[in-house]
Every structure is written in structure tokens, then in C-alpha cells.
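You will see two complexes here that share chain A, one where it goes with chain B and one where it goes with chain C.
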Partner chain A sequence: MHPIIKLLAQRLSLGLLLLLAASALIFIGVELLPGDVAQSILGQSATETALRNLREELGLNEPALTRYFNWLFAAIQGDLGTALTNGQSISKAVGERLGNTLFLAFWAAIISVPLAIILGLIAVRYRNRWPDKLISAVTLSTISLPEFVAGYLLMYLFTVQFRIFSPISTIYSGMSLGEKLSAIALPVMVLVLVVLAHMMRMTRAAILNVMQSAYVETAELKGLRPFVIIARHAFPNAIAPVVNVVMLNLAYLVVGVVVVEVVFVYPGMGQYLVDHVTKRDLPVVQACGLIFAAVYIGLNIMADVISILANPRLRHPK
Partner chain B sequence: MPDILLDVRNLKIGATVYPPGEAPQDIEIVHGVSFTLEKGKVLGLIGESGAGKSTIGLSSMAYGRGGVRITGGEVFVSGRDILKERPGGLRALRGREVTYVAQSAAAAFNPAKKIIDQVIETTLMHGLATRAEAEARAVGLFRKLGLPNPDTFGERYPHQVSGGQLQRAMTAMALCPEPDLVVFDEPTTALDVTTQIDVLAAIKEAIHATGVAALYITHDLAVVAQVSDDIMVLRNGKTVEYGTVSEIIETPKEEYTRALVSVHAIEHEEKKPTGEPVLKVENVTARYKGTNFDVLKNVSVELYPGQTLAVVGESGSGKSTLARAITGLLPPTKGRITFAGRELSKELKDRKLDDLRELQMIYQMADVAMNPRHTVGTIIGRPLEFYFGLKGEAKRKRVQELLDEIEMGTGFIDRYPAELSGGQKQRVCIARALAAKPKLIICDEVTSALDPLVAAGILRLLLNLQQIEGVAYLFITHDLATVKSIADSIAVMYQGAVQRYGGKTDVLTPPFDDYTDLLLSSVPEMKLGWLEHVLAHRKMESAGN
Partner chain C sequence: MNDELKYLLERTVAGRQSRRAFLGRAGALGMSAAMANTMLASAARAQEPKKGGLIRMGMQGGESTNTLDPALAASEVPFAVNMTWGEMLTDVDPNGNLDMRIAEEVSSSPDAKTWKFKIRQGVEFHNGKTVTAEDVLATMQRHSDENSQSGALGIVQGIESMSAEGDMFTVTLASPNADLPYLMGDYHLIIQPDGGRDDPAAGIGAGPYKVVVNEPGVRHGFEKHVNYWDDRIGHADQTEILVINDTTARVAALQAGQVHMINRVDPKVYGLLKKAPGILVHATPGRGHYVFIMHCTAAPFDNNDLRMALKLAINRHEMVDKVLGGLGSVGNDFPINSAYPLFDNTIPQREYDPEQAAFYYKKSGHDGSPIILRTASGAFPGAVEAAQLYQQSAAAAGIPLEIKREPDDGYWSDVWNVQPFCASYWGGRPVQDQMYSTAYLSSAEWNDTKFYNDKFDSLLIAARAELDNEKRKGMYSEMAHILRDEGGLICPMFNDFVEGVSDAIAGWTSDPNGELMNGRAHVKCWLA
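Let's turn to the complex of A and B:
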């Protein structure tokens, strides 16, 4: 068997194992919280009998291990349970919300990843000269700015000063793609500003590291143009560290955008989770945790896979 | 009037150095060097490291490595002063008129790209040929340079071919755009002797066939004598002697040149085995975990107190693996190792403190074998503390004694490795090994990374210390000249097995087996026409090419 297939299979199975462990941790965490679902539904003033009946009905008297596996197997089949607050299927609600979050993340990634890499390449080309310093200064200031500040600043700029975009980014199924893009323009901008600096600086550092190599000197002595050297000879060897940071930032775009979603009233996963945490809707919290873990692990496996594929020694064994 | 291609006049090169704890200083490293090179001729630049030979070579491409810059003089290539060129003009020169072959082709090839794409890159970029023409040209060069399967060789990635092949591929890369001048910067130094000879012959043939001029940079006078028309001997950035090959080799005028010519002349009388062997390796077989291939096959050797056993062979012959087996880093699957009369445990973790103390190692790369943040005193003091519990003044006194023994003086005790030269670093490593009062020191290629004169100094020191301390050496090397200088007995290794073993005189006296003959004949000799003579009389191909 090609060694690369073995490596990939290894990574995938490790990822699944990790996801299993994460699901157990989430379950235990929720289990450790004081009170249970029955208590949450009926409130503090519920009678013992009512509680007992409800627990019986919800299967809460089963041992924790049984409940864990029941939850896990249902989740694998796509059933994340029912929300306590409105009695609706969590899977359905999450499906819609996750779609929105991925939509936002996708556009933020489509803009920020190439932009970060190109800025990184430019920073290396003009290292320690003004373009490099300008890029570093700008990206570092945007990352230092809290997201909500950046959000409100952009909102002031683009909705109050220049009436280009709407301050509310609510999207719904009847909108055309153009309308949707116009609606999410501001949150996308904020997210791009937030994730740009990490990826740009990692690209810059990784390429600068490679620039010390003898083969870069060879390229210089071949009379290649500086940008050709950076893009064609240095960058292919800097992919692995860059991909890892890119994936971490993509994961952040999916699981860490609560603040931005709240600021722009965007109907995504983050807001859904926060809403239900405040209402102590434990099944929803559990489901969101599992999905976030899956996204995180999935993206990191993807980073590993790309790093492996980018290594010619693994791709073309002796 | 001969056709002058390269004319270097009063070249001065400077650099900025950053001494620890002091302000940066500008220093001059090349002090006014002049030479000319005619079309189609080869000039050898020779000298020890720090002589400025690579720096001078790169100046013919107006290139300064790191913080190095050309501060004065003129460099004319085909009549125009390239030091006055703008970046665009330099790019047109580099890779087209002048090309470069680096010492380590393994590092100089981009690991992420196919060899063919790298070989034809300049030819395409400068618009000298279409892709198909360039590829055809590259394949022709691969064939000329004796690479296996020349038609498909380029489709491979650099890690998929051997070091000797890469060095030839780099030569092809340099010749592909049909330049006027190629700078060869120590192109065979990193190779085995047996591979070196093939690459050397290929380079010489290619130079001859294409009529290209070349600067050939090396520290090995015997090598440069085989390929050059003229030789320039450099030392500390100054010309020592400049003349034709026969003038330099046969009638050197300067003291320094004479030292270089006679560098291998250490004489060492063979000692006969006496008493009980300090090290006895019996039928040792070993393999790396997860493989099903024996890297050591039934190896048996003996080493007597105060003597030197040289283990020679090409890379991959198992000579370093033997050291790993003896030190316990690679537990043998079969066989027995007896040291100082007691059988050694196979696993390192089962060995006693005394076993560890009495068996020390010195490595090839002295600078990575020392902690760069420790002073020389700390480095040498560590075994004193660890094995003998010496502390404070007693420890410092013993460190000073050891520094005296390695002829370095006590002024070095508070210096850091970065402040030492390559030879001094190796001396510190020797002192560290001696500090443990060992019975046996395994020396793994300890002189391979050093300049010939420095290496000769280290060998003399090792011989001296052997007489004073009575320590035995297991000396691993690929360099037969070194072996002749210091060994009492020799084991020639080939593909994991001992091919020939015995006293020095016996092993080095004919009749030879084919492999020993190949090894011996591959050692460059300070003789004109040696290369052609050897190639004409070879019995077998080297394994590692």
C-alpha cells in the first residue's frame, strides 16, 4: 500500500477517536451541572412526583452510561434530540443555523486566506522595508481591536456615514445570493480583519525560514526575479506551517464568531448556542458542543492531510 | 592575445560581524585579489575554510552570501564590469552567462520540485530554448554525466536520487543554459571517495566537451590538480601563490603551499597486538527496528589497549552502525561485545556507569555536539562532575589541565563554542571525552568536516594523547589517507560486513580484494594525470554513485 494512504487512514481514525473522546467530555460536563433536564423544564417549584414522572418519561433514570450511548447513537444517525424550550427537533434548527454560519465563514475564508498569503508574500519580498512594516502594522492593529469595536466602527462607517450596507445582517431563505452577500458584507469584513494577521504573519515567518535554505540561494544565482523565488521556490516548502494556521483560523470562523453574530444580529450557530445557554437548554448545548468539536477536529485533520500531501518525500517515496 | 573571459582586479570583499556583547564591526575578508581566466580554461581556487575562496567565486556572479558584500575592485565578465550592473542586468548574467554548482547539491535542490523542472528553469526563463528543446538538452547532459536512465531521471524528486547523482544533476543544471563560466564550489567534498572520483571524471569530461570555462573551488589540492589548468592558493583572503598546475604541485614556492602539498605525510608505526583486547566484537548482527534487513552482518573485530582500529567504508557500509551497536544505541540481534574484560549489556539502559564512562565518543560535527549556550569550561566540566563528582576549584583546575593537553591554553575556559574555530571545537570535544578517563574513544569521522591542515593537527593530537593516556581509538572514517596516518589495524566494511581485516600493513599490502582496491585507488593523489590513470585501471563500479 502507498505509505501516504496508510498515513491518511491513521490520521482519520485518530480524528474519529478524538471526536469520541470529545463527545464523552461534553456529556460528562453537562452531567456535572447541578440539576437535570426535568428540573429545568418544570422549574424550582416543581413537586417531587411531577419530577419523578417526567424523569421516567425522558429516560433520565437510566444509568449515565446508557444515556450517553443512546445520545451518541442517535447523534450518529442525525438525531440530536429535542430542545426543551420549544420542543422542536434540534437537528432541524441546527441544520439551518449551521448552514448560515458556514455561509458566513465560507465568504470570510474565501477573502481572507488568499489575501493573507499574498500579503505574506509581499511582506517577504519587501522584508524590513516599508511595505512589510505597513502590512504588519495594519494587520496587527486590526487583530488588536476587539471584534465588537471593529464591528461598530464598520457599521458607523458603512451604514451611517456612507449608506452602503444594512446594519442588520439577518438573512432568510427567500433572499437571492446578491442580497445575502450584501447583508453579510459587514460581518465578513470584521472576520477578515480578525483572522488576517495570524495567517499573514505565519506565512511571512514560514517563508522567511525557508528563504535561508541553500535552494533559495540557488534560485537567486539562477537570476530569477525575487517574487518568482518567493512564490515558486520558497512558498511550496512553507505550505505545512501555513496550512495549520489557516485551518485554526477557519475553525475560529465557524466556532468563535458569537460576538460578531450578536453585533450584526446574524442567525448563526453562535447566537443559537448563547440563546440556549441562557435558557439552560442542555440538550441544545450538548448538541452544539458536539458539532463545534467535529468542525474543529475535521479542519485540523484537513490541515494534517494537506501538510502530508504537500511533502514530496511522502508523496513520492523512494 | 588570449580571449579573456573573467578578469578580476584588486577584488576586496567585506562583511559585518556581530561579536557577542560588542557593537557590530565591519571587517575585510578578501584583501585585493586579482586573477584572469581565459575562455575554456579551468582555474582552481584552493585554501582552507575562511580563506575567502567561495566568496571570491561568488563575486564572479556579483553575489555576496549573507552579510558579505564586495567593497572594492573590478570584476569583468566578457569585458563589462558586473559590479556596476543594476539588479536587472545581474539577473541576465546569473544563470545565463555564469552558473553555479554548490557544495551540497542535496540542499541546493528544491525538495518540492522535480529535478527536470529545476534543471531547465533558467534556460526557459532567459528564453534560450523552448521547453522541448531544453528538456532534450537536459537529457543529453544527464547522459553525458553518466546518470542512470537519463530519459526519465529528471522526472524524479531530489530525495529520490543519491548524493552523487544530485551533484551530477546540479552540474547538468549549471551547463544547461550553455553558460560561458561555471563556478564549482567544492562539488565533490560531501561525497564518498569512490563517488567523488566518478563525479570528478564526469565534471572534467563535461567541461572538456562543452568548452566552458570554470572556477573550481576546493580545499583538496589533490582534487583540483586533476581538473585545473591554473591554481590559485588563497589564505586569509590573500593570494599565497598563483600559477599553472605543474608549478604549484611540482615546484611550490611558498611554505604554505608546500604544507598543503605534503599534508598527508603523518607517519605512524604499526603496533602489534599485545595483552588482552580492550574491545572484542564477536559475530555481531544488527538491524533497525521495523526493517527486515541486517545492517551489520556477523561483524567480528578486536582492539587492543592503546591502539587504533580504523573502520573504513563508504556511506551506508555500516561503519557508524557498528559504533551504535558498541555504544548500545542499537542493540545487536546476535553476537557479543566484550569491553575491558566484561561483557556489555546490549541495551544502553542496562549498562553500568563505569561502562559508560570508559567508552566515550567524539563526533563528526563538533558544533552540534556541544551546547552552544555552555562555556568551554562547563562543557568539559560536565563529565568531571557527573563521573567523578568534582566541583568548584577542583573541577576548574582539572578543566585547565585538559585544555593544556589539547594544546589550547586556559584562556578558552570561559569562551562559548561560537567563538571557536572548527578545529578548536573538535579539540574541546576531545577534551570532554578525555575528561571521563576512558579506555576507549570512538571517533566517528572526526576530521571529515575539517580542512586538511587542521585535520592533520587533530590527528597528531590524537596520536599524542594516545601515547600519554594509553587510550584506544575505534576510528571510523571514509578517508583512507587518515587511516594510513594513524591506524594499527584496519577493518574494511562493505554492505554491513567486514570485507578485509588485519594489521595495517597486511590490509594495505596487495593482493587486494576488488572493493579494497576500489577504495584505495579512489583516494586522490597529488599527481597530475592521476584521475585518468585510475579510471583506466578500475575493476569495479562504486556502489554509492
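Let's turn to the complex of A and C:
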């Protein structure tokens, strides 16, 4: 078997095991939280009778272990069940939310990843001169700004002062692509500002590392232009660390943007998950947790594979 | 007409000043009251509702876990959503009078035990079916049977038997209750086809709008139910409720014209938002109140002298100013204010009195150990700050309070009604009886102050059967005195509903029953 395929198979099966462990951990975590779904639904207006009836109907009286395995077997067969709180199909609701989250993450990534790498290359080309310092200063300040502050600032600027964009980013089916893009312009801007610095600094550092090598000196002595040396000779050898950071940030764009979702009223996975955690709606939390874990694991496997493919020494192990 | 008068008139009609203020100013300009009244009436008539368009509300209080099942509605967005597609037997109008909805007439036996509701003819559900007495019966059964999960269970469980015959729905109560027609207006008791047994969360009702989009926690879209019976409401063709839980985003959406109305304007931005162009901010006194509750059965709160000391050690005016930003009124340690019918306004206001508090504290013989007060930011907006203010005003009377901050998550299941002293809130009820029966009757399920007083209970039961309003008012007044002087409730303030409305909207009236005109602002207003 080709070593790459073997590696991939290994990683994937490990990933599946990790997912299983994650589902067990999520289940235990939610079980440990005080109160249950019946109590959370009824809130301050809970009466003993109403609580008892609701628990009965939701099947909360069965032992925790039984509930976990029931859920697991159904999930393996692709049935995520229905939300305990409102009886909606989880697959359908999560599908829509996940679609929205990926839509936002996609556009944020499409802008931020190339931008970060190009800025990184420019920073290396002019290292320790003003363009390098300017790029670092700007990106480091935007990453230091909490997301919600950046969000409110952009909102104030672009919706209240100049009415260019809408402060609410709610998107729904039936909107044209143009309308959707206009709706998500502000959250995309915030996300780009937040993830830019990390990737840019990593690109810069990784390439600078390679720039010390003998072959770069050779390229310089051949008389190549500095930017060509960086882009053609140094960057390919710096891909592994950059890819890892890029993947981490992509994972963040999918699973970690709940604050941005709240500020801009964006119907993504984060808000959906938080709502259901407060209501102790276990099946939904499980489903979201698994999807998030799968995204993390998947992106990390991808990062590994790309780093290996980019490095001939790893590609052809002895 | 001179310019000043014209200006005043416009302001009054737009709801920026009260009718009374207008009459006063018009009088000052040399106009007789009769003339000013006529003028106001004709100006108001010029404000004929306009039909059509799309009204959007941006609201806090919705989650992706919400359902359309009226039995399970608890937060603000489901409430307003259900008020859009649903209709109850009765409702309560802004003046506290009964507003007949699906029931056209109501009558009772002289002992107030048997009630007959005549069902309005020709009211149609969104699925085309006609509303019958059987549907009403099935709805009430679903809320009251032994499998009920309804938030209205406490209201309907006093029903002994129900029946439907022709267009008449009859309720027989186990014990008399003169307020039953009001109780039937509870927002959970929305009439559904066959009582909603087939699919309680279908969103099919007899209200002015049909559900078109239902994305819990995101948005709810509606279009006009063309066969709706009452053309006095439901002016817009379409209406939409957007869930905007973030306060800043909600205000920005209103300012940017994305939504016409928002609920829960933060008192901190009230002054600023009022100055924003094109926006009116309404503060409506309601029945909701923020409270600190003591269990009358748990030490040290089982000692009435200590309870009295704690009641005297709170600075109510300071709380209204600092916690509510002045948008509210002081409470008097019973859960009723002037927004209720039959309120006795002669009951003396309890004031902050550190000396008296110290006297009662000493008299109670408390050992001086800190009294633990539990609070959480979700107990009510500003609950943590309110507890800190309380701690300071109590310290001035020599009473040591220790604040224990609890997480919001699980507060209503693990702290409220469990711990002996904590912060909480009540949304208020349409009538005094319901408020007292919900939380202060010995047998009440939510008796969160563990208040057991036989005299109080017997007065409450007697008042239910009393059809003479003057006598009833006297009974309620006596109950208020008992609760104020012996109860476990410390009620520092009644909060106003603070809402932002765009000037593109006309027809706003203030309604003490609930926020956003009792959840129906988008149904009752129109696009100017």
C-alpha cells in the first residue's frame, strides 16, 4: 500500500476514535451541569406536575447510560434525533446552521488566508523596515482588539454613521448571493481582522527561518530578485508551519465565532449550540459537539497530510 | 391655529406627551377645555390606520430552542410570536377592562362558580376551519389534564368540569372566582384547532396573522390572515419578528431603520436614544417588579422583626434611580401597584429608615453573623448592582449582608425557590387575585416567600366570590397590609417597559399589561 494512503487510513481511524471519546465527554459534561432540560424549558414557571409530565414525555427518567447508547446507535445510523426543547429535527436545523457557518467561514477564509500570506511575504521582503513594522503593528492591534469591540466599532461606522451595510447579518434562503454577501460584510471584516495577525506572523517567522539557509544565499548570488527568492524558494519550504496555523484559524472560523454571531445576529452554529447548552438539550449539544470535533480533527488531518506532501523527506520515508 | 398649539397637538397625537398635559398647555394658551378636547379628538381621528406594508420588530428574548407550542411559551419572543398568530377567549385592554376576543359574551352564576362563554360566530382558524366551542374545550383540556406541561396549569387546575354545547363553552369551578374571564386571557391559553392535540407546535390559530417563517432564535415571519374577524387590528400585510438578543445590535438596527420597534432599551442608553432623530422611546409603567425574597419559614428569616429590619434597610428611591435609571417606580413590599384594578393608593409608602431598621434588627436578636443574599445578573437586569446598593444601605443600619453571586445558568432551578434569600422578578398579572394566588397563597405552587398566613388566605378566597367592587377593594387593601408588614417579600421597585419605536410607526398606545403593547405592537400599530 502506498505510504500516504496508509497514513491517511491511520489518521482517519484515529480521528473516529477521538470523535467517540469526544461524544462521551460531551455527554458527561452536560449531565454534570445543574438542572435538566425539563427544568430549563419551564424556567421560573416550573411546577412539580408540569416538570414530571415533561420529563416523562422527553424520556429523561431513563438512566444516563441507556440514553447515551440509544443516542449513539441512532447517530451511527445517521439519525441525530429531534431537539428535546422544540421537537425540530436536529439534522435539518443543524444542516441550515452549519451551512450558514461554513458560508461565513468560507468568505472570511477566502479573504484572510491569501491576504495574510501576501502580507507575510511583503513583511519578509522588507523586514525590519517600515512596511514590515507597519504590517505587524496594524495586524497585532486588530488581533488585540476583542471581537465584539471591533464589531461595534464597524457597526457604528458602517451602519449608523454611513449607512452602507446592515447591522443585522441574518441571512435566509430566498436571498440572492449579492444580498447575502452584503449582509455578512461586517462579520467577515471582523473575522478577517481577528485571524489575520496569527497567520501573517507565522508566515513571516517561518520564511525568515528558511532565509538563513545556504540555498537562499545561492539564489541571491545567482542574482534572483528578492521577492522571487522568497516566493519561489523560501516559501515552499516554510509551508508546513504555515499550513498548520492556517488550519487552526480555519477551525476557529467554524467553531469559535459565537461572539461575532451574537453581535451581528448571524444564525450560525455557535449561537445555536449556546442556546441548547443553557437548555440542557443533550441531543443537540451532542450533534453540534460532534460536528465541531469533526471539523477540528478533519482540518488537522488535512494539515498533516499537506505538510507531508510538501516535504519530500516525509513523502518518501525510509 | 397658532404654531405652538399645532406643535402641541402633533406631539400629543404622536404620543410624545399625555392628553392631560396637552389640555393643560392649551388652557394656558387661552383655550377652553371643551374646545381643546374637540380639537384633540379630530386630530386623533385624522390618524386613521393605514393598511398594508411590512412591520418589523427586533426583540430580545428568543432562542433557537423556542417552540410554537403556546403551553411552553415563557420568554419574550415566543410570547409576542404567539400573540401574532394566536387568539385567546378574552384579553385585557390597556385600561384593565376585559376585551372579548373569541368569546363574545361571558356570564356567570351569582356565586361566580359557573361561567358561560358564548363563542363568537364566524371566527376562522388559519387552516380554514371555523372555531367551535369544542375547539375551546379541547384547548382547555390539553392545558389542564394530567399530562399537561402548560405554564397555565396553575390557572386552569381550579376547574372542576367543562363542557361545550352549541356555541356555548361552560366552566364549573371548584371554588368561586370572580376573575375567571381575566384568567382565560392568559397568554398560554391560545385556542387551537382540536386544542392542538394533533400538533401543538403547528402555529395554527385564529389570530390576525398566519405563520409563514418559523426559524426559532432567528426570525419569525407572518402574513395577514385575510378572514380575520376584527378589522380594528392587523393593519400591516406582513409582519416580522427578528431575534436580536444583543442590546447594542438591537439599538443599531432601530437606528439604521432595519426594524421599526425594539423592546428592552437599556436604561443606560435611554437618554441618548431619545435624542436620536426619527426615534421615539416609550417608558410604560407596568406591573412587573424586581424583588428580594425571604423564606418566612427558614432561619433567620422566620423572625418577623428581622424581616422588618431588612425591609426598612433598603433604599428604594436610590434603586429606582440607579438600577432603573429612573424608569420605574418605588415598590411597597407587596406585589401590587396602581396599574392594577382595585388598587388602594392610601397604603403608606415604606421608606428607607436606618434607625428603625437597626431597632428591629436588635429586637430580632440576630447573632450578627452575615446574612447571605444570593443574586445573579440574570435574576433581573441590574440585580448584582441592586444587591450591592442594598448591602451598603443595610450596612448603614448595622445589618451585615453578604452577597453571593450565583451563575445565571441554573439560577431558576437551584437558587430561586430553594435558597432562603435571593433576588428575583415577577412579570405581574392582569388582576390582583391572580398575582396573589400565583405566589402568596399558602398552597400556591410558586409561593417563593414560603408565606403561610390563614387570615390572608381566607381574605383571598373570600374576595374571589365577592362581586361588590368596593368590598373587594377593601379586602385587597387588608391583604396588602398583611403582606407588607408580615410577608417575606422585599419589593424595592416596579420597572417600566422601555421600548424604542421608529417615527414610521403610528398608533402606539401604552399598555401596562405587557411589553410592546402586550406583545401586539406590530399587530395594533400601522405604518404612518
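Details
Simple rule for what comes next: the second predicted complex is superposed on the first by the 275 of 318 C-alpha atoms of A that agree within 3 Å, B and C clash if a C-alpha of one lies under 4 Å from a C-alpha of the other, contacts with A are read in each partner's own complex, and residues count from 1 in each chain.
Here, a contact is a pair of C-beta atoms (placed from the backbone, for glycine too) under 8 Å apart; a residue touches a chain by one contact, two chains touch by 3 or more.
All of these numbers come straight from a predicted model, not from anything done at the bench.
Within the superposed three-chain model, A:Thr278 lies in touch with chain C and out of touch with chain B [touch as defined at top].
In the superposed model, A:Gln88 lies in contact with chain C only, and not with chain B.
Counting residues of chain A touched by each partner, chain B versus chain C, the larger count belongs to C.
When the two complexes are overlaid on their common chain A, residue A:Asn128 makes contact with neither chain B nor chain C. When the shared chain is aligned, chain B comes close enough to touch A:His233, but chain C does not.
Within the complex formed with chain C, the residues of chain A that make contact are 33-35, 39-50, 53-54, 57, 83, 85-88, 93, 96-97, 152, 155-156, 159-160, 163, 166-168, 170, 172, 262-265, 267, 271-272, 275-276, 278-279, 281.
Residues of chain C that touch chain A in their complex: 58, 63-67, 69, 72, 74-75, 146-151, 153-154, 201, 213, 215-219, 242-246, 248-249, 252-253, 255-259, 409-410, 412-414, 416, 424, 445-446.
On the side of chain B, the complex with chain A involves touching residues 58, 61, 63, 65, 90-96, 99-100, 102, 104, 107-113, 121-122, 125-126, 156-157, 159-160.
For chain A in complex with chain B, the touching residues are 213-215, 217-225, 228, 233, 236-237, 310, 312-313, 316, 318.
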